[in-house]
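Chain lettering (A, B, C, D, E and F) follows the sequence in which the chains are written, and residue indices restart at 1 in each chain.
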Amino acid sequence: MKISARNVLKGTIVEVVKGATTAHVRLDVGGSVVTAAITNEAVDELKLAVGGAAYAVVKSSDVMIAVD
Amino acid sequence: MKISARNVLKGTIVEVVKGATTAHVRLDVGGSVVTAAITNEAVDELKLAVGGAAYAVVKSSDVMIAVD
Amino acid sequence: MKISARNVLKGTIVEVVKGATTAHVRLDVGGSVVTAAITNEAVDELKLAVGGAAYAVVKSSDVMIAVD
Amino acid sequence: MKISARNVLKGTIVEVVKGATTAHVRLDVGGSVVTAAITNEAVDELKLAVGGAAYAVVKSSDVMIAVD
Amino acid sequence: MKISARNVLKGTIVEVVKGATTAHVRLDVGGSVVTAAITNEAVDELKLAVGGAAYAVVKSSDVMIAVD
Amino acid sequence: MKISARNVLKGTIVEVVKGATTAHVRLDVGGSVVTAAITNEAVDELKLAVGGAAYAVVKSSDVMIAVD
């Protein structure tokens, strides 16, 4: 499946923390750690575990820019 | 200003393309190119230009995870 | 590619309207018309055209519920 | 109340699952199941229950398009 | 229509700027100016004009918190 | 840090409710109460507590407009 989202960043899963309905998954993407909040159901369905390869997918309209 | 968004990724601006109201700004973040869609007004206010240092800021609830 | 977004709705493209940087793509999903705002670049990359099969992908945290 | 969101999809509630602060509500929309992540507070305020009629509301800038 | 979004802020329209597909609408909400990026189509459908009463609607998962 | 988000609304924290992974933080912004859903981690990192000064930050593409 190809997706319209402009940001599909390849990385390695470094942490998975499940809450009651929402899980936090952290990915190492070229030295930067990216945090995703997804459903517990998605974690199970995609069999996400530490050490696995995965992509962080972000729509460009959800990315802000900041400067010092 | 410190922000609750979990993803504040430092990079370098590699492209700025303005539309009628919306601009696309691309950042090199550790070798990955991240695309943001922000307002033209923000580009002017933050004086964004190619070569400048900037951060890509993304809320964790806006990040999805995908696997092959 | 499998994605964590809970909403992957199969449909048929019924309209593609390009703006300066942002395009509006409409999909018929089981009789309901779903509108997406994506980049012109994504329209070209995914070769989106009227009559083509496509999915509307939406993160559950971006879906609201309303009642009369 | 009329809203600017382009996607207001009528359906029937088929599931409501409450977490600690976030609830997952599933709607059957013309045969497709749409999942929303909303606050527990909203579930109570809108009196959402299985079998009830409701709308899935999504801003077009939150809809992505994917193709096989 | 009642909606699950936790933020429904009443205000007065102070500006409407249309782009190619996306419009920027500014609302005065209790002295703070709130900017929305919506489709031109929605501006026409809701007959939005300066001086009109309107609500800024934001899902709580789209609100970040920052501190100095 | 200056950010591209068009909505940076100054207010006072009136409530902080932590869930399993997600917290709800409410801010009084000029008489309107704005609710944010952020991570528990962000609440701790930014030391958010009732009575503290803070900003509600929202990207304009995440703001919808509604009318009666």
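Methods note: a residue touches a chain if its C-beta (ideal position, glycine included) is under 8 Å from a C-beta of that chain, and two chains touch if they have at least 3 such contacts.
Being a predicted model, the structure only gives us computed values, none of them experimental.
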| item | value |
| --- | --- |
| Each chain counted as touching chain A and chain D at once | C, F |
| Set of chains adjacent to chain B and to chain D | A, C, E, F |
| Equivalent interface positions on chain B and chain E, same or different at half | different |
| Option in E-F, A-C or A-F whose residue-number contact pairs overlap A-D by over half | A-F |
| Euclidean distance of C-alpha centroids - chain A vs chain B, Å | 17 |
| Where chain B and chain C are represented by their mean Cα positions, the distance between them in whole Å | 23 |
| Of all residues in chain E, the ones touching two or more other chains | 1-6, 19-22, 24, 35-39, 41-42, 46, 55, 57, 59-62, 64-68 |
| Contacting chain pairs - touch in the sense defined above | A-B, A-C, A-D, A-F, B-C, B-E, B-F, C-D, C-E, D-E, D-F, E-F |
| Residues of chain F touching chain A in the complex | 1-5, 19-22, 39, 41, 59, 61 |
| Of all residues in chain B, those that touch chain A in their complex | 3, 5-10, 24-25, 27, 29-32, 34-38, 42, 46-48, 52-68 |
| Parts of chain B lying in touch with chain C, wherever the complex brings them together | 17-24, 35, 37, 61-62, 64-68 |
| Partner chain D, residues of chain E touching it in the complex | 1-6, 36-39, 41-43, 45-46, 55, 57, 60-61 |
